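Two complexes come next, and they have one chain in common, chain A, joined by chain B in the first and chain C in the second.
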Partner chain A sequence: MPSATLLGQSVLSGIFIGSLYGLLGLGLSLSWGMLRQVNLAHFALAFLGGYLTFQLSGRLDPFVTLAVVAPLFFLAGMGLHWFLTRFSVSLLNTLLVTFGLTSIIEAGIQWYWTADFHRMENAYAAVRWKVGPLFVSLPDLLTLGFALVLSLGAWAVLRFTDLGKAIRATTEDAPIAAAFGVNEKLLGYLVSGLAAAVAAVAGLCLALNHTLAPVQIYAWMGVVFAAVMMGGLGRPIGPLVAGIVIGVSEALTMAVTNPTWAPLVSFSLLIALLLFRPARF
Partner chain B sequence: MRIALAVIAAALIGLPYLGLPAFYESFGYLLLSAIVLATSWNVLSGYSGYFSFGHGAFFGVGVYTTAALAGKLGWNFLWTLPLAALAATVLGVALGAIVFRVRSLRGELFALLTLAITFVLATIALNAVDGGPGIMVTVDMPKIAPTASGVIYLMMLAAAALTLWTAYAMYHSRFGTGLFAIHDDEDVAEVMGVPTYRFKLAAFAISCALAGLAGGIHAIFVSYVTVAETFSIALAVNVVLMSALGGTRHWLGPAVGAIAITVLLYAFTSGNAAVVGRALTGLILIVVIVAMPEGILGQILKRFRDRAPARAQVARPFGNVNNVNTSGEPLLVVRGVAKAFKGVQALASVDLEVRRGEILGLVGPNGSGKSTLINVVSGHHVADAGSILFEGEELVGRPAHRIARAGIARTYQIPRPFPQLTVLQNVALPPMFGQVVMDRARAEEEAWRWLAFTGLDAKAHRFPADLNLHERKFLELARALASRPKLLFLDEVLSGLTPAEMDDALRLIRAIRDQGATIVFVEHVMRAVMELTDRVAVLTYGKAIAEGVPAEVMRHPEVVSAYLGAAHV
Partner chain C sequence: MRIDRRRALAAGGAILSTLALPPTLRAQGKPIRIGSTLPLTGPLASLAIIHKVTAEICVENLNKRGGLLGRPVEWVLRDDQSKPELTRTLYEQLITSDKVDLIQSPYATASILAAMGVAQRYNKVLLHTSFGIPKLAKYDMQFQTAGSPFDPENVWPNHIFDAAAKLPKPPKTIAIVTSKFPSVHAISVGAREVLKKRGLTEVLHLEYEFGNRDYGAIASRVKEANPDFLWGGTNGVDPVLMLEAMKKIDYRPPAQVHLFPAPGPMLKMPEAQGSLALTTFESHPPFTDDPAIAQFVKTYAERAQQAGIPYTSVDLQSAIMYAAWQVLEAAVTATRGTDDKAIGAWLKKNEVKTLFGTLRWNGPQNYVEGADLYKIKQLQQGKWVVVHPTQWAAPGAKVV
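So, the complex of A and B:
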C-alpha cells in the first residue's frame, strides 16, 4: 500500500488532470447538448491550439498566443457550425464529418510537427509550491482555475441571464424559441464559436502541462467523452465534476496498481454507470 | 449472370496458381481483407445505423487471439481462426448487451464506447498478452497453394466469400429488413413487432465475428504483431469511409468502396505520402457524407430504379379473412393502469374494456391520456401499476414486439413512416413480424393487397417523403393493417384531412372492421365518432369517466363538463 503522501499527491494530480478533462468536456458538452452536434474535432482543435502555443513559445508568452488563437478558433467554430447547418448534417453524421475533420487536422499536425512527442519548455512550469508534503505547480493551478472559471461562468450565464434563457429555450425547442423572437441561428454560431474558443484554452493547458503527439488526440477522446456522458449533456458543471471523479480514480489506480492500467478506468466507470444507472441516459 | 460469376470466382481462386509475382497475391489479399472489414462493419452499422468506431478493436482481438495461441502457444493456426472470431463476438455481445439497452443517446453512446474500447483493448493487450515487444507468428501453412502468400490469399478469399454471402443473405431476409427499420425509427420498429434488442445484438455479433476472423488471418499475413499496428483508429476511419463511399444501404456497397479506397490508399503508402493519404481519407469522408449520402452504388441503383417502370401488380381480393365475430366478449381488459412522467400523472387508474368485433370510440380533451394509453397498451411505455389483459394474457411488462406479435397494431397521429424505406417496404414490414411470420416475398404480396385496399398501389415504389398528408395517413393505416391485427388502435387518423378525404377514411375503417378487426378509434371529430362507433369511452385527467353507447355517453353530465366546463347557474 502506498504512503499517505503518495496517495495525497495522487488525489491532487487527479484533481488537476480531471479539471483538464472538464475543460475539454465543457465545449463538447455545450455543442452536443445545445446544437445537437457531436464534435469529435474538438480534440484535434485543442491539440492544434497546444501545438500553436508550443510553436510560438520561444517568441510569445503562452497567454499572448491564447489571445490570438482563441478568437481565431472562435471563427473556426462558427465556420464548422455554418458547414454543419448549411448541409443539415444529422446528429450521427456530425460524428462522421468531425471524425473526418479530425483526420485532416491530425495529418496536418503530423506533417508539420512530425509524429514525435513534444514538450514545451516554459517559465510557468518551473513555478512550484510546497504545501505541507505535497507539491503544486503553477500550470496545474492555472488549469484548475480556467476550468472552474469557465464552467461556473457558463453555468451562471445559462442560469441567470436573458442570453442564457434564450439558449436554453432554443435547446429545448428551436422553432418555438424562434417564434418567440429568439435569434436561434445567431445563438448557434455563438455557442459553436465559444466551444471552439474553450478548446483554445484547453490547448494552452495541454501545452503547459503535457506532452504533445498527434496520436494522443484519440487517447483523450475516450476519457473526456466518458466525463461528458457522466456529467450530463449541455450541463456546464457536469463534465468538470465527472472529469475530476475520473481523474482522481485514474490517479489512485496508477498509485495502487500499474500506471499502464489507467486507460481502463474511465471506460469501466462509464460501463458501471450504464449497468447500474441506465435511466440517466 | 451465373456464368460471369463463375468466371470471376475461377479467376480469383486460380490467381495463386498462375505463378505471378507475389505482389498480386499481397495486393489481392489487401483488397479482400478491406472487403471483409468494410462489409462486416456495414451489416451492423450500415444496416441498423449504429455507427461503430471500434471495428479495429474487434479485428485486433482476432489478431491477438491467433497471435497468442498460434504464435506463443504453438497451436495449429486453423483451429485458432474460429476462436479468433469467437473472442471478438464475445466481446461485442458483452458490450452490446450493456449499451443496446439504453433508450436515449444510444447511437452516440454506442459510437463512443466502441471508440473507447479500441484503447481499452490496446491497454489490455499491451499489459497482459504482449508485454511490449510484440509477438512473432510463424506457422506451418497447409500446402494448398504453391506459395505461403498464396495460401493466405486463398484464406482471405474464403473469408470474403463468407462475408459477402452473409451480407447478401441478411439484406434479403426479415433480419435485414428489421435492421433497416431500426435504422429509420427504432421505436416504431419495435412497436411493429421487430425484436430490436435481439436484432441489434445478433447483427453486432455477426459483424464482430467476421472482423475477428479477418484479424486471425491477418496475424499470419503480417507474421509480427504489435499493439500500435493492430489497434489503430485509422482502420476504423477507413472502414467507415469505404462503406460510406460505396453505399451503406446495399449489401455490396462497402465492397465497392473497399476496392476504391484500397487502390487509392495504395498510391500513398510510404513516408509523408501516408500522412497525405490520411488527410485525403478524412476529406473524402466529409464530402461523401455531405454530398453523396447514398454512396457510389446507391447513386447508380437510384438511376436504375428511376428508369424502371412501376410494377403493375393486380392485387388479389381478400378471401374471407376472419369471420366477423361480434360475440361481445372482452378482447382487451384494462384495469387500474397508471403511468406518470416525472411527476405528471398521465394515466391515473384507467379501467377500460374493448369487446371483440366492436369499434370503440376513445375520446377526451387534449392531454387526457389517450395517446399515453395507446403507448402503454402497445408496450412503448411500461405501466407503473395495473393490468392489461389481451385475450386473457397479461401484457404489462412484455416487450413491445411481443405485444405486436400477439395481434395488436396502432397508427400514429403524426405519421411515422420509415423514411428511407419505400411505401411497399414500409407496408411489408409488419407482416414479417406479425402473428404469422412471413418471409419477405410473401410479406410483399400481402403488402400489395393493403396498398390496393388503401389506394396507394400506384405509389408503391415511392418514398414516404413523396406522399401528401392524406396519403401518409393512409400509409399508416395500410402498415397497421398489413399485420392483420386482432386489435387496432387508430390515433386521430382524421385530423388534418378535408371532409372528402375524411369520408374516404371512414369508409376504409368500416371495411377494416368488416374484415374482423376490433378497433379502438381515438378521435376529436365528433361527427365521425357518433357515426362510426358502437360504444364510446371518455378519458379526462388520465381517468375513464364514462363508457357506453355514444348518444348516452355524450349526455353524461361529467362528460359535458369535461368538454364544455361546468354549468354555473
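So, the complex of A and C:
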C-alpha cells in the first residue's frame, strides 16, 4: 500500500505537470475554438520559445527573456493568422499546414541547436521548499502560477470585458458581429497573436523544468490535445482543469501501479468523456 | 597566359611531389562505394550525428591512406529519419539503384533489423553497430562491431553488479526502474534474474514507457523503496529527467547505474556524479595509447565541436562506428575484394583488433556467448572514466 507521503507527492507532481499541459493547451484551445484553426505549430512555437529562452538566458534572466520572446511570438502568431486567412485555409487544412510548419520549425531548431539535448542552467531550478513531508520546487510553482494567471486572465477578459464579448460574438457569428461594428479581422489577429505569446510563456516553463530536444515537440501533442478536447474548445480554464485532472491521474497511476500504464490515462479519460458526455463535443 | 620560371618550377615541384608519394597512398580508379543510412532527423538524431562525424573521419583517413584496394572510398549516406520502414526502402535503393559495393551499419536495433532483411535478400554483408537484441539477428552474414555478447541480458548485469560490488558500500538491495525501450528493457529483465542469483534483493521493479514526460511519481516510489542501488534501465536523456525529479524531492540514490545515458547532459549534474554506465571506450589511456587512436580522439573533438555536438569526447557511440569501419577495412583488405560472400566467410574465421579490443564472430549467430568487450564507466568529478575491468580503467581510477 503506498504511503500518504508518496500519494501526496504524486498528486503534487500531477498538478504541476498538469498545469504545463494546461498552459500548452491554452493557446491551442483559443485558436481552435475562436479562430477555427487547429494550430499544431503551437507546440513547435512553445519549444522554439524554450530554445530562445535557453539561448538568451546566458545574458538575461530567464524571465526577462519573455520581454523579447513574447512580442516576437505575438507577431509570428499574427503572421500565421494572416497566412491562414489570406489563403482561406479550412479547419482540416489548418491541421495539415501547421503540421508542415511544425516540421519546418523542428528542422530549424535542429539546424541551429542540433538534435542533441540542451538543459538551461538556472538558479531557480535549485530552489525548493519542504511543506510537511512534501517538497515543492520553484520552477513547478512558477509554471502553476503562470497557468493560473493566464487561464483565469483570459477567462476574465472574455467574460467581463467588451473586448471579450466582441471576440465571443465573432466566434458565434462573425457577419452579425461585424454588422454591430466589431472589427472581426483585427480581433482574429489579436487572438492569434496572444495564443502565440502564450506559447512563449509555455516555452519558458519548458526550459525551466525540462531538457530540450527538437523531437520532444511531438511527445506533448497527444496529451495536450486530450486536455484541450476535454476542457472544451475556446474555454480558457478548461484545458488547465483537464490538464490537472490528467496529470494527477497519470501520477497516481504511476504511484500505485506500474508506470507503464500512465500514458493510457489521458485517452481513457477522453474516451470516457466522449461516451458519457457526447453533447460536449 | 604567360608562364614565368617561378610558376613553372612550382608546378613541376607539385607534380614531382605527387609522383614521389608511395603508390599505396594514391587512391586511383573507380571509387568503392559504401552505402548506409543514419537517423539524421527524428528521435535518434542526437546520436546519429556522432556516428556521422565519426564515419566521415574514418572515410577521410581511409582515403588519406590510399583508400581500399588502392581505390578511393565514397560513403553514400541517406537519412532514414529514425524510421525502420524508411531504412528498409533506403537500403533497397542503395543496393539496387545506387549500386553501392558494400553496405555499412544504420543505427539502433529496429533500423538494423530492417536493413538486415534487405541485406539478406541481396546477400550483402551487414556490419552493425548497435543491435540490442542479438537473438533476433538470424542472418548468416550479419556481424556486430559493438563488442556485444550474444547474451547481453546476462553478461551486462553481471558486469554492472561486479563493478557495484567494488563500491565503498556494496549494495544489497536494488530498485529496478526501466524504460520499455526494447534493448534496455531486455537487459533490465535479465538483471532481475542475475541479482537473484547473486543473492541481492529486489526492493522495487518499475517499468515506464519510453518518452515518459513526468518522473515525479517514479522518483517518489524509489525514495520510498530506499534501495542501496538504483538500476536505471535508461537511455538518452531519461536519467537526467529521473535524477532531476529525485532532486525535487530531496532524494539521491546511494549508488546507481544508467545503462546508456546521453553522456553530455549528465556531466554537470551533481546528482549524477558517481553514476555507473556501460561503455566500450573512453578518451583516456589505455585506449588512447595507440597514436592513431589518440589522433582520432583529437580529430573527433574538433569535428564534433564544429558540428555543434555538446559532448566532444569519443565514447561508446563514436567508438562502435569507428570499429565498424576498422572491421570493413580489415575484411576488404584481407579478401582483396568487395565480394560479400568472401568477406562474410573471412570474418567468421578471423578476428579484428579495434580501438576497444579484439572482435570475434565465432559463436552463435556470429556473436560470442558469455563474453564481450563492454566495460563499466563512472562519472567522477564531471568526467566519465572506465573503472571496471581494471585493465581498461583510467590511470589511477577505481570505483568510488
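Rule of thumb we're sticking to: the second predicted complex is superposed on the first by the 279 of 281 C-alpha atoms of A that agree within 3 Å, B and C clash if a C-alpha of one lies under 4 Å from a C-alpha of the other, contacts with A are read in each partner's own complex, and residues count from 1 in each chain.
Heads up, the rule we're going with is that a residue touches a chain if its C-beta (ideal position, glycine included) is under 8 Å from a C-beta of that chain, and two chains touch if they have at least 3 such contacts.
Because the structure is predicted, anything quoted here is derived from the model rather than measured.
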| item | value |
| --- | --- |
| Clash or fit (per the criteria above) of chain B with chain C on chain A | clash |
| Touching partner for A:Arg277 - first (chain B), second (chain C), both, neither | neither |
| Contacts of A:Arg128 with chain B and chain C, given as first, second, both or neither | second |
| Which superposed partner A:Ala219 touches (first chain B, second chain C, both, neither) | both |
| Which of chain B and chain C A:Val89 touches, first, second, both or neither | first |
| Touched partner set for A:Arg159, first chain B, second chain C, both or neither | neither |
| Which of chain B and chain C A:Leu6 touches, first, second, both or neither | second |
| First, second, both or neither for A:Pro259, with chain B first and chain C second | second |
| Part of chain C, among the options 5-13, 113-121, 167-175 or 293-301, whose backbone runs into chain B after overlay | 113-121 |
| Overlapping contact positions on chain A, where the chain C interface meets the chain B interface | 107, 110, 219, 258, 260, 263 |
| Partner chain C, residues of chain A touching it in the complex | 2-3, 5-6, 9-10, 12-14, 16-17, 107, 110, 113-119, 121, 125, 128, 130, 135, 137, 140, 210-211, 213-215, 219-220, 223, 247, 250-255, 258-260, 262-263 |
| Residue ranges of chain C touching chain A (in the complex, touch as defined) | 41-43, 45-46, 48-49, 180, 206-209, 211-214, 216-218, 220-221, 224, 236-237, 240-241, 244-245, 248-250, 262, 264-265, 268, 307-311 |
| Chain A contact footprint on chain B (complex, rising order) | 49, 51, 53, 98-99, 101-109, 111-113, 115-117, 119-120, 122-124, 126-127, 233, 237, 240-241, 244, 272, 275-276, 278-279, 281-286, 289-290, 293 |
| Residue ranges of chain A touching chain B (in the complex, touch as defined) | 32, 38, 87, 89, 91-93, 95-97, 99-104, 106-108, 110-111, 218-219, 221-222, 225-226, 229, 233, 258, 260-261, 263-264, 266-267, 270-271, 274-275, 278, 281 |
